[in-house]
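Look for chain A in each of the two complexes below; its partner is chain B in the first and chain C in the second.
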Partner chain A sequence: MVEIWNSWWFQNTLVGLLVVSGIAVVLRLRRREYWRLAYREVCRRRGAVICFFVLCLYTLVALIDSVGWRDALRDENGELMRDPRTGKVVYDRGGSALDHLLKGISSKKEKTYSSPMSRESFMLESVNRDGKVLRERPPLKHPGAHLLGTDRIGQDVFCQALKSIRTGMVIGILTTLLAVPFALLLGVASGYYGGLVDDILQYICSVLSSIPTVLFIASFMLIFGRGLPQLCLAMGIASWTGLYRLLRGETLRLREEEFVQAAVAMGVPSWRVLLRHIVPNVMHLVLITAVLRFSSEVLAEAALTYLGIGVGSDTISWGTMINDARTELTRDPIIWWKLCTAFAFMLGLVLPANIFGDAVRDALDPRLRTQ
Partner chain B sequence: MSEDKDIVLDVRDLRIGYRQGSKIVCAVDGASFSLCRGELLALVGESGSGKSVSALSLLGLLPKETFVVEGGVAMFGGRDLLAMDNEELRKVRGNRISMIFQEPMTALNPVLTIGWQIGEVLRTHRGLNGEEAKKQVLTLLERVGIPSPEQRYSDYPHQLSGGMRQRVMIAIALACRPELLIADEPTTALDVTVQAQIMDLLSELRREYKTSVLFITHNLGLVRQEADHVAVMVSGRIVERGTCDQLFSRPSHPYTRLLLRSVPGSGHRGSDLASIPGTGSLVSADCVGCCFASRCPDVIDRCKVERPGMSLIEGEHQVSCHLAEKNGHGETVSSQEASVSRERSSSGSSILSVRDIRVWFPVKTGLLKRTVGHVKAVDGVGFELSRGETLALVGESGCGKTTVGKSLLGLVPRTSGEFLMRNKETDGLEPIGIDRIRRRVQMIFQDPFSSLNPRMMVEETLSEGLEVHKIGGNARERKSLMVSLIERVGLSPEALQRYPHQFSGGQRQRIGLARALAVKPEILVCDECTSALDVSVQAQILNLLRELQASLGISYIFITHDLSVVSYLADRVAVMYLGRLVETGRTCDVLGDPKHPYAKALLSAVPSVDADSDGRKVLRLSGEVPSALKPPTGCHFHPRCPLATEQCRNEYPPSADCGGGHSVCCWQCN
Partner chain C sequence: MLAYIVRRILYVIPTLLGVNVLVFVLFFLVNSPDDMARQALGEKNSDPVQVERWKEAHGYDVPLFWNGNASGIGRVTKTVFFTKSLSMMWGDFGKSDMTHESIGDEIVRRALPSLCVTAPIFLATLLINVFLAMLVATARGSVTDRVTQFACVVFMSISTLIYIIAGQYFFAKLLRWTPVSGYLPGLDCWKFLALPILVGVISSLGSGIRLYRTLFLEEINKDYVRTARAKGLPEWQILFLHVLKNAMIPILTNVPLQLLMLMMGNMMLENFFSIPGLGGYTITALNAQDFAIVRSMVFLGSFLYVVGLLLTDICYSLVDPRIRLG
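Then we have the complex of A and B:
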């Protein structure tokens, strides 16, 4: 399972599908007047538009980072290397398109820490100069090349932060995509049908939400191993209950609305009532929750990784960056840039997401709209 | 106004603007009125005419973001209310001017006891402390007719019924013996019998405390009954004012005349009600002519270019109309409503027979959800309905009339009983399955704002029924069906491509009607379908319903608490009380000569605009409808009945025939 997930072709197909379905949804919604109005409403707020562009920038980086890219291996003479038996071109292990783009910076490795834009190493070293042993900072191999400095093993922090965007976005989006349909289906069914269905679902929900989230995720990761997909799944399962409750309540209210009664009185079958009358009228809640949930998942990943139950240390994420910074903060002089970079990049994603989410909520709220 | 009287409030040329996007439109445009001590002035107008806005502006209660007071003075006790700052206004509010709101359910704070809430006013404005305040509160509670005030003092609002809460609101409003009371539709949310109680209390207290009342309402019957002076508002302007008698006997503005004639009643039976076209939308500030010009049937060229001033007719009766200036008082044509005699297509054979329907809702408690009792919402109701006939189900809220309608369509499951419908082939009455019944019976709902899905275009809403019942083979056929439907209810075909929020309340009700008609039903259940509408719009819908019945031969089950609508539209009436029918019969029999004490009380509680009704015997009911969970033993009505005897307390009366299909369930009438 994990093999397939990590395979090159699977990831590229997934990314392609995601982009295509995203465009399809947008095109479909553009035809509905309701959403067009909401779009216009959002566009009226300058802050929201700026936030939207920031989010787009992040998404773009994450998309580029998700597209697989393989370089053909070359020998010393610059000739393409071929498989001696089949004669096919041999590729390297492959990375993402972003890896390819960042090759220029990420390949410039230093020995150890260096502060942002510095020309010399951060660490004092003993240098033997003219017979005298001096403690001084040696010059870097690539002076001034590291915008945000380097870490303990001399890797560029800016590159790491950029690479972390994808991890954060994948966790945010995938967890939301796992939790929302679950919550939507169950919440609406529970509220509309009531009775035994409602009782059972409510019971499951209560049990699930009484397990401490951290404990649940920790045990899930222990059983299925640490990794991005496992974390998404665990967080998705742990987080659908809130939206489920919200949607169940809203459906209970909508069920008594006269337009639903009118549809039932018309003899419309119940699945159709759900699909055409209930679901469209809770979609604004779903959308708002999804946007706000997204940002909280990004933050949750950082917290979980810090606790040691998030993604493994082989995956670059803001959580692992913060985890590394734990030891760096105790040094003197303090090494601040890694933590600050992770913090700034997270803020840059979460804050616009929240502001944009608020704007979308205002735009979709029918009570504000009627004026 | 005569100067010798003691004027409490004098409002001159009040102008209030309403922000709509970036521009400002007139919500109130030069309204002037004054109130003498102990007088009741009624402000009448359709929704959006600016009557509530005017009243709220006096206390500085308008939201500042949307409303701007642009000018005018409101002299109260020698000071201009509009010029006061917040600190001064706070001393006036609740002390010298107080207010009663429409919704008694939300106007009280649910987490504080009523004693505390009444006491708060006394503590704030009178500086009374604990014991003194409590003593005052108890006297007040007793004064507004709340039984055992000692116990009620520490009750929370949810423990009281709607009528009781409104009494508490009145107690709060009158705690400081204000000089002016503003009552904004204080009885609209209440049942008619409770409304009568509350109005009696108000006028009694008004006389005792010499309080002036500014009464905002759309109920013309109440105005006729209670008001000393009346001011009629249209689109933010006062178009006519005078004493109650003057206004009702000689209405001079075209709007007032139309309004009075749009009130349904037995006098209009068989003819169309007058309807006022258009809605009372706000006028833009640059409107030069008469604000009613675009809707007036008697409009002349001058109306469009010149704003009419107030002209005197006689005494205090003033009107703002060019036509009235010209010929004394506006004696104009406007008798254009043709008296179309109603073609009764009602044939004798019944198409629906309801037999002994019971709808009991189980009350479950405890962990295992054991059933401990039943709310008997409907408890053995039966009636017949003929083709093309209108049956009115009448009763107060909670009597189960809506549940009868909903159980007919299977929206609530019934506990026992059956519905029989005429089978066209065998011509006999047969039990009918729920799928078939939903094609032959349809429903129109009360609230035009929640009865249409806000996310669906009108076209989608209408086509839903067609698709489900496979009417119209393909999309083209369906489309033409929908166009004819929407034209049938008086809207243009462009309406199909629009969303519900783009329509007014009356138009939405028309769409709801079109949706129900889509499946060509034989019976329409109208659940309070006009009670949320303005009187003039209600008249339009009632006219439409009548016309549809004449042309399509549909039968109506009209569920309502509004007896004026019943007397206008219904052929037969069934009066319900606590889940059972207490009296049924032809409209003229039941409304003309009610036998059951409850029906009598219900009828006498309804205020009427007709002058001759002043002398009728008033039968006031005490108390309110008991809970359907524990209905009283014997006759359900006996605790409130003035004629109750021992037999009434022990046995439920059987139905007795009074002849002509008129039957009553009462021991005293047998």
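Then we have the complex of A and C:
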């Protein structure tokens, strides 16, 4: 599973599919008056629009970081290197397009810590000058090149923070994409058909939701190993029950509405009633839940990673950055830049997501509006 | 009323059984006892003989579901499912895979430190949130309200990790008011508990105030409030005597569930502040890959949740007759 996940073509196809389906959904929704109204309602709030642009910026970085990119290897004369047997061009190990763009900064490695924009190393070193041993800060190999400093092994902190964006966005989006279809299908079926289907689904739901979320994710990660796909799956399974309950209740209400009753009386098959009359009328709840939950999932990732049940330490994320930075605060003088960078980048995603989420909720569901 | 309670209690058993089976599937079918033995022994010394010996020493050497070698009722009881999973239903958690200590004893020992952290946080949060939300609700629509709302969103958007790290840095390292971490049994523990409690309260302020504010505002639009206003009652009396009482129903009926869940401790706080509670116990077990402890904690958590939910439902039905009659 992990090999496929990491493979180059799979990533690019997935990214392409996501972008295309995202655009398709937006184009479809634009045709409906209800969604156009909601769109205008959101646009009336200046704060929400600004937040939307910030979110777009983050998404753009995450997308660039998700596109696979392989450079052809060149020899010292600048000629393309070819496999001697097959004659094919040889590529490097590959990374993302963002890796390619950041190569200029990320390749400038230092020996160890250096503070933001500094010209000399942060650590004192013994230097032998004119026979006397002096303790001083040696100059950096790349003075002033590190906008936010470097970490313990001399890597650029700014690059790490940019790379973490993808991890956070993947967690927020993929978890939702995993949980929503489940919740939608089961919730609508449960509410509409009732009877035995409803009983069984409700039982499964109550069993799953009675396990505390953190403990469920923890045991899932313990069994299946740490990693980004596993974490998304575990959080997806743990989080569909809330939306399921919401949708079941709403479907129970809609089932008794006149337009549904009329459709049933006219002999419309039940799957068509569900698709045409029920699902479009619960979509606003799905969207509200998805948008509002996004931020809490990004926050949860950091906490879980710190607890040792999130993504592994080989995946760059804000959680691993904060985890690394924790020991740096106990030093004297303290090393603050890694923690502050991770904090600022995280806040930069979560705060706009929260504000935008509130705006979307108010626009889509006036009943839930906070007065 | 009695029929409702009996029905509700009977529903607890299948739910717990479901949790038990789910835990069994995760911990014994997906990850077989052989895998567990190999993970515990390490790659180097996991030849079949040692795996068998490890399984025998930890009681995993019997079949999973059906023991054909035993006789009578032993066919069912001498199985991994019965001795390791089903036994948790009557409180027999067995021994740790790593240290061989009784998990049940450890749970009893660690529940109190956990409660010492979580219970004050719960109480303080409830009081502060309700009070502040009330103040915000009286000023609804004003600039103060909007500023508070925005502050709440900002508070919510900050990771708990940051609150803890910042708290430890300012109060323990810079100001030296409290120790950085640690715990002492007995009354001296307040020194160590002050900081975790403070951090816990602050980190839940944002979402708490928002939640209670919405609850209060829902009540404020109801008819009885309009009647009270029409009678000419002052606004503060309406809010603190009438609205508060009604809005507290969903909050207070939730208390039994919250109280039981408090016992599970707070993993994050206990881990950061080295408090020997149940949350810290779970994290240590997770990092040591001690499956027996993790299994027990998952089941214990579910058990407390299900029982808490039962109590909450009963409380609710006592307060609100529409529930039990509906």
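What we mean here is this: the second predicted complex is superposed on the first by the 365 of 371 C-alpha atoms of A that agree within 3 Å, B and C clash if a C-alpha of one lies under 4 Å from a C-alpha of the other, contacts with A are read in each partner's own complex, and residues count from 1 in each chain.
In this text, a residue touches a chain if its C-beta (ideal position, glycine included) is under 8 Å from a C-beta of that chain, and two chains touch if they have at least 3 such contacts.
This is a predicted model, so every value here is computed, not measured.
*Asks:* Considering only the touch criterion stated at the top, classify A:Leu57 as touching first (chain B), second (chain C), both, or neither.
*Replies:* neither
*Asks:* Which holds for A:His277: it touches chain B only (first), chain C only (second), both, or neither?
*Replies:* first
*Asks:* Under the stated touch criterion, which partner chain does A:Ala145 make contact with: chain B (first), chain C (second), both, or neither?
*Replies:* neither
*Asks:* Please work out whether A:Leu246 is in contact with chain B alone, chain C alone, both, or neither, and reply first, second, both or neither.
*Replies:* It touches nothing on chain B or chain C.
*Asks:* Decide which partner touches more residues of chain A, taking chain B and chain C as the two options.
*Replies:* C
*Asks:* Output check: A:Glu257 vs chain B and chain C. Expected answer is one of first, second, both, neither. What do you get?
*Replies:* first
*Asks:* Quick check on my understanding: which residues of chain A belong to both its chain B contact set and its chain C contact set?
*Replies:* 370
*Asks:* Which of the residues in chain B come into contact with chain A in the complex?
*Replies:* Against chain A, chain B makes touches at 406, 409-411, 435, 438-439, 442-443, 445-447, 450-456, 460, 464-465, 468-469, 499, 501, 512, 515-516, 519.
*Asks:* List the residues on chain A that touch chain C in their complex, please.
*Replies:* Chain A residues touching chain C: 203-204, 206-208, 210-212, 214-216, 218-220, 222-224, 295, 299, 302-303, 306-309, 318-319, 322, 325-326, 329-330, 334, 339, 343, 346-347, 350-351, 353-355, 358, 370-371.
*Asks:* Given the complex with chain A, which residues does chain C contribute to the contact?
*Replies:* Counting only chain C, the residues touching chain A are 14-16, 18-19, 22-23, 26-27, 30-31, 140-141, 149, 153-154, 156-162, 165, 168-169, 173, 210, 213-214, 217, 221, 261, 264, 267-268, 271, 282-283, 286-287, 289, 291, 294-295, 297-298, 301-302, 305-306, 309.
*Asks:* In the complex of these two chains, what residues of chain A are touching chain B?
*Replies:* 33-34, 257-259, 261-269, 272, 276-277, 280-281, 366, 369-370
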